[in-house]
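Which chain is which? They are A, B, C and D, in the order written, and residues in each are numbered from 1.
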Amino acid sequence: MEVGFLGLGIMGKAMAMNLLKHGFKVTVWNRTLSKCDELVEHGASVCESPAEVIKKCKYTIAMLSDPCAALSVVFDKDGVLEQICEGKGYIDMSTVDAETSLKINEAITGKGGRFIEAPVSGSKKPAEDGQLIILAAGDKALFEESIPAFDVLGKKSFFLGQVGNGAKMKLIVNMIMGSMMNAFSEGLVLADKTGLSSDTLLDILDLGAMTNPMFKGKGPSMNKNSYPPAFPLKHQQKDMRLALALGDENAVSMPVAAAANEAFKKARSLGLGDLDFSAVIEAVKFSKE
Amino acid sequence: MEVGFLGLGIMGKAMAMNLLKHGFKVTVWNRTLSKCDELVEHGASVCESPAEVIKKCKYTIAMLSDPCAALSVVFDKDGVLEQICEGKGYIDMSTVDAETSLKINEAITGKGGRFIEAPVSGSKKPAEDGQLIILAAGDKALFEESIPAFDVLGKKSFFLGQVGNGAKMKLIVNMIMGSMMNAFSEGLVLADKTGLSSDTLLDILDLGAMTNPMFKGKGPSMNKNSYPPAFPLKHQQKDMRLALALGDENAVSMPVAAAANEAFKKARSLGLGDLDFSAVIEAVKFSKE
Amino acid sequence: MEVGFLGLGIMGKAMAMNLLKHGFKVTVWNRTLSKCDELVEHGASVCESPAEVIKKCKYTIAMLSDPCAALSVVFDKDGVLEQICEGKGYIDMSTVDAETSLKINEAITGKGGRFIEAPVSGSKKPAEDGQLIILAAGDKALFEESIPAFDVLGKKSFFLGQVGNGAKMKLIVNMIMGSMMNAFSEGLVLADKTGLSSDTLLDILDLGAMTNPMFKGKGPSMNKNSYPPAFPLKHQQKDMRLALALGDENAVSMPVAAAANEAFKKARSLGLGDLDFSAVIEAVKFSKE
Amino acid sequence: MEVGFLGLGIMGKAMAMNLLKHGFKVTVWNRTLSKCDELVEHGASVCESPAEVIKKCKYTIAMLSDPCAALSVVFDKDGVLEQICEGKGYIDMSTVDAETSLKINEAITGKGGRFIEAPVSGSKKPAEDGQLIILAAGDKALFEESIPAFDVLGKKSFFLGQVGNGAKMKLIVNMIMGSMMNAFSEGLVLADKTGLSSDTLLDILDLGAMTNPMFKGKGPSMNKNSYPPAFPLKHQQKDMRLALALGDENAVSMPVAAAANEAFKKARSLGLGDLDFSAVIEAVKFSKE
C-alpha cells in the first residue's frame, strides 16, 4: 500500500517510520524538509509540497501540530486542496477541534475527495510502538480502506460516525482524565497534610480497584514535585474548557469537570501552564502555612 | 496461631473462614449466635460473649458493621473491656471513624491491653479470596505479631503509625474513588448526549492510561442504568463528607471533592442512597429534555 | 440635538420615546416599518433603511436584539456602512459580545466614522423611566458629545475605555448576579427543607447588610414557584459562560461562578431556559423525597 | 422590667447599656468582674455568679462569646442551673450551634425553667444602636414576655419555633453571605485582570438591582487590599461548613455554597483566617503572573 504522509514532528515521524517498517511505500513532506532525511534513509520518498504528495498518492495521512497547521496545509498555496479530487482520500490524524475538522471536510469533499478525521489517544511512546488508539470519523469507506495503515499505527481503531465525532470523543476522554488528575491530586495533598505518607497512598491505590497506568506513572514524580511535560497543563485546561463548552451546547451540567477546570486555571495563573498537567497538584498544595 | 473473631457478617464470616482454612485455631462470637454454626462445621470454637473470647485468646480480631457496633462490643456488659489485660491484643478491622478508634484505643490501653485499628479496602469477593488491603495503625509490635493472620486475610497490609491513621487513609482512598466516579459519570453522560456511544467510550478508556478495574467493572452496568449495591451511595457520600471534614481541619481546599460530594447529595435527594454509588450518574443524567 | 435611532423593540421604542419627550429630533428606522408609527405620532421622522438614517443624521443610536441583528444593520445592503463617513458617530447600545463590537468598530472607523458601544444595565421599566445604566466604550469625544442623549436615557453613564470594555463590564455584572441568585436559591431551599419558613428568611435578609432590590423583588415570587421572565435563564447562563470564558483568557479561576454556571445548565436541562433566571431555584429544589 | 445579664463583651456591654438607658433594672455578671464597673456607673447592680443573677431575676439574658462559654455559664459550679426553677426564664442570645442550644434547653427545662435561644444578626454598631435582628426560638410564652427587652435591643425579632431553629436560621443567613462575598470577589478580580476598573464596577453595582450595604461597605476597602476584621474569615468558614452539614442532614445539594466554602478554606491556608471574611478575595486574586 502506498501512502502520503504530511508532518514529521515527534508523533508523525514515529508513525511514518512504523509504516515504512511494515512495508508501506511512504511519500513524506514536512515544512522543514531536512526533517525528511531520516525517513528517506529508511526508504521514504519526498515531495516538496502537500499538493505534490496528494497528486502522487491515493491516500494521504496528515499529523500536524495544531488546528492552524492543519488548516494551512490544506488551504495554503501548494496545499492539499490544489490536487485533491475524486478517488483520493485524506486522513487527518492531527488533534483539532470539531469546527476545524468540519471546515477541512467541507473543502475536501467539495472537490470530490474523501475525508476522515482520526485523532489519536497516546503520545510519543505509543506512537513509536504502534500502540495508539485511533478515533476516526467521516467517510466510512475510506476508514475501511485505511485499516491496514491503522493496524500498523495503533492497537485499536474506532469508527465514530460523522466528522467531528472523533474530536468530541477525544475531548471527553481528556475531560475524564483532567478530573481524575484533580481527584488524585487532592487525595495526595490531603494525605500529606494529615501526616500520612503520600507514597503509601500510591501503594494502596495501586492495589485496589482504582489502579491505573496514569496514577502509577505520574504519582511518584508528583510526590517529588516533578512535572516533566508529557501533556502540558495549558493544553489539558483548553481541552477541559472545550469539553465544558460541548456540555453547554448539549445542556449537560458537569460540576466536577467545572471545578477541575477552575483548578487548572488557577494552576495556569501560578505559572504552571507549560509543565505537565499533573502540576495541578501545586494549585491544591499551595498554602502559606 | 490461635485467634478470637468477633462479628460474622458478610465480611467477617469470609475472613474467619479463611483463617480456619489456613490452619488457624479460631474462636468465634456473633451477636446472633446461630451465624457461628457454619464456622463450627469448619472447626471453629464458639464463645457466648466478647469477654469470653478475649479471656480465651491472646489475639482477637473484630469485624463489625459500624462504629456503634464496634463501641458496643467493647464497652457493653460482657464486652471486650471486661477481660482485656496486659499481654492481650485487640485488632479492630471494622470501618469506623478516627474518633471511635481513638476511644477504643484509650479504653483498651488503659487496661494494659494492646490495640490496632485495621480497616480494609475491598468488599465481599476480596474478603473471600484473601485479597483485602489492610490499613493498620496503632501498636507496632501487635501489628507485627498479626502479620501471619493479615497474610491470610489480605494481599498486602500497611502499618500507618498512630491510631486514627488507618481510618483517615481509608477516607482519602474513598474520596478519590468518589471523585473519579463522578468524572466517569460526567464523561459517560456527555458522550451519550452528544450522540456518541457511551459503550464505545468504555472501550476507548479501557485501552488508555486511565484503564482501571472500577471503570471496567461498573461501566457496562451504568450504561444499562443498573446499580446493584456493592458500596451504597449513602456510605460513599458519608465518606466524602468525612474526608472533606478532614480537609477542613487541615485547611486543605478540595473543590473537586466538594463538587463530587454535592453530586452525591443530589443523588441521595433523588432517592438513590441505597443503590451502588455508581448511581450518581443518574444525578448527572437527570433532565427533562 | 438630532439623532437617528435604529431598532424599535421593547427597549428601543421606550428609549426613542424618551428622546422625543425631551426635545430631541429623532429619525427612526425599524426592520418592520409599521413599528415606527407610534413614534411618528410623537414627532419622529422615518427612513426606509439604516443607510438613509446615517446619511441624514450626525449621530445614530442603535438598539438591536442580538449580535446577529447588530451586524446585519451595519454590514447588509442599505446598511450603516454605506453612508458612514468622517464627521458621523455611531452609538451601538445593543448587548453584544466584545468580538462583535470590535468588528463593527473596525468597519465604522475604517470608513472614517466614529464609534462607541454602549450596552445598558436595566430592562423595560428603567428604559421607560430613563433610569438605565450606560456602559460606554470607544471614541472618547463621541462619548462626550453623546452625554445629552445619555442623560435622557439613563441615570448614569460610564466611559470604560477601549471598545469591548462595555461588553466585558456587562458580563461581569451579570456574572455576579448569577452567582448571587444561586446563593439566594440555595439558602431559600435549605430553609424550607430544614423546616424553617423561607418567607421569614426573606424578611430577615431584608433587614440586614445583604438587603438588595433583586432579593426583594424576586424572592416572594420564587417562594411561590413563579418565574415570569424578566431576564430569561438561558440568557443568564450564556452570560455566565461568556464571563467564565473571559476569566479563562485572563487565567482567573472563579470556582463559585463555575458552580453557578453548572446549576444554570442543569436548570436548562430541566426545561427552564425560557423562564426568569430565578427559576434556577428549581434545580436546587429538585428531589424525589 | 427587671432583667439579669450575663456576659459583658463588646456585644453584651452595648446591649446591657441599651437596656439601662431604656429604664430596665439590670443586674449584671461577667467572668472578669471589673468589666461591670461602667454598667454600674449607669445604674446596674452586680452579682458575683450566674447563679446569684438567676436567683435574683425572673428573666436573665446571656450574651457569651462561644458555645464553650455558653455551656460553662450554665453547667459549671455557681452556674445558671443551680438556681433556675419554675417561674424563671433564661434567654441565651449567644451564637451557638443547635446542639449546644438543645443541651442547654434540656437542662433548663429539666429544672422547670423556661428557655429561648435568641442569636442575633448584626455586630457592634447595630448592638449599640439597638438595631439587631433577633432570631428567637423555644418557649413561645417566654418569647412574648421578652418582647419589651427585644424591642430595645433590636429593630426586629422573629420567633422561629422549636429550639435549634434560631441557630439554623443564622447559619443559612451567613451561608448566603459567604457565597455572595465570593461572587463579589470573583467579579472584582475579573474586572481588574481584564483591565477594567474595580472601583467603577463598585459604582455600577451600586446603581443596579444588586446594590446592598455589604458590597457598599466592604468593596472600597477590598479594592485597597484592606480587611479589618468585622467578622473573621475563619468564623465565616466555620458557618459555611455548618450550613453545608445542615444541607447534608437534609439531603440538600448546594454546589455554590460548597465551592465558596472551599475558597474560604484556601484563604485560611493562605493565613487569612483572622482577617475579615472579605479577605477571601485574596484567594481569588492569588497568582504568579
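Rule of thumb we're sticking to: a contact is a pair of C-beta atoms (placed from the backbone, for glycine too) under 8 Å apart; a residue touches a chain by one contact, two chains touch by 3 or more.
The model shown is predicted, which means the values in this text are computed figures rather than measured ones.
Colleague: Where among A-B, A-C or C-D does the B-D interface show up again, with more than half of the contact pairs the same?
Modeller: Repeat of the B-D interface: A-C.
Colleague: Taking each chain's centre as the mean of its CA atoms, which one is farthest from the centre of chain C?
Modeller: Centroid comparison gives B as the farthest chain from chain C.
Colleague: Between chain A and chain C, tell me the centre distance in angstrom, where each centre is the average of that chain's C-alpha atoms.
Modeller: Centres of chain A and chain C (C-alpha means) sit 40 Å apart.
Colleague: Determine the centre-to-centre distance between chain B and chain C, using the mean Cα coordinates as centres, and give it in whole Å.
Modeller: Taking the average C-alpha coordinate of chain B and of chain C, the gap between them is 55 Å.
Colleague: What parts of chain A, by residue number, touch at least two of the other chains?
Modeller: In chain A, the residues touching two or more other chains are 247, 251-255, 258-259, 262-263, 266, 269, 287, 289.
Colleague: Okay, in this complex, where on chain B does chain A touch?
Modeller: Listed in rising order, the residues are 121-122, 133, 135, 155-156, 158, 160-161, 165, 168-169, 172-173, 175-177, 179-180, 182-184, 186-187, 189-191, 193-197, 200-201, 203-205, 207-214, 217, 243, 246-247, 249-260, 262-263, 284, 287, 289.
Colleague: Going by the contact rule at the top, pick out the chain C residues touching chain B in the complex.
Modeller: 255, 259, 266, 269-271, 286-289
Colleague: Touching chain B in the complex: which residues of chain D?
Modeller: 241, 245, 247-248, 251-255, 258-259, 261-263, 265-266, 268-269
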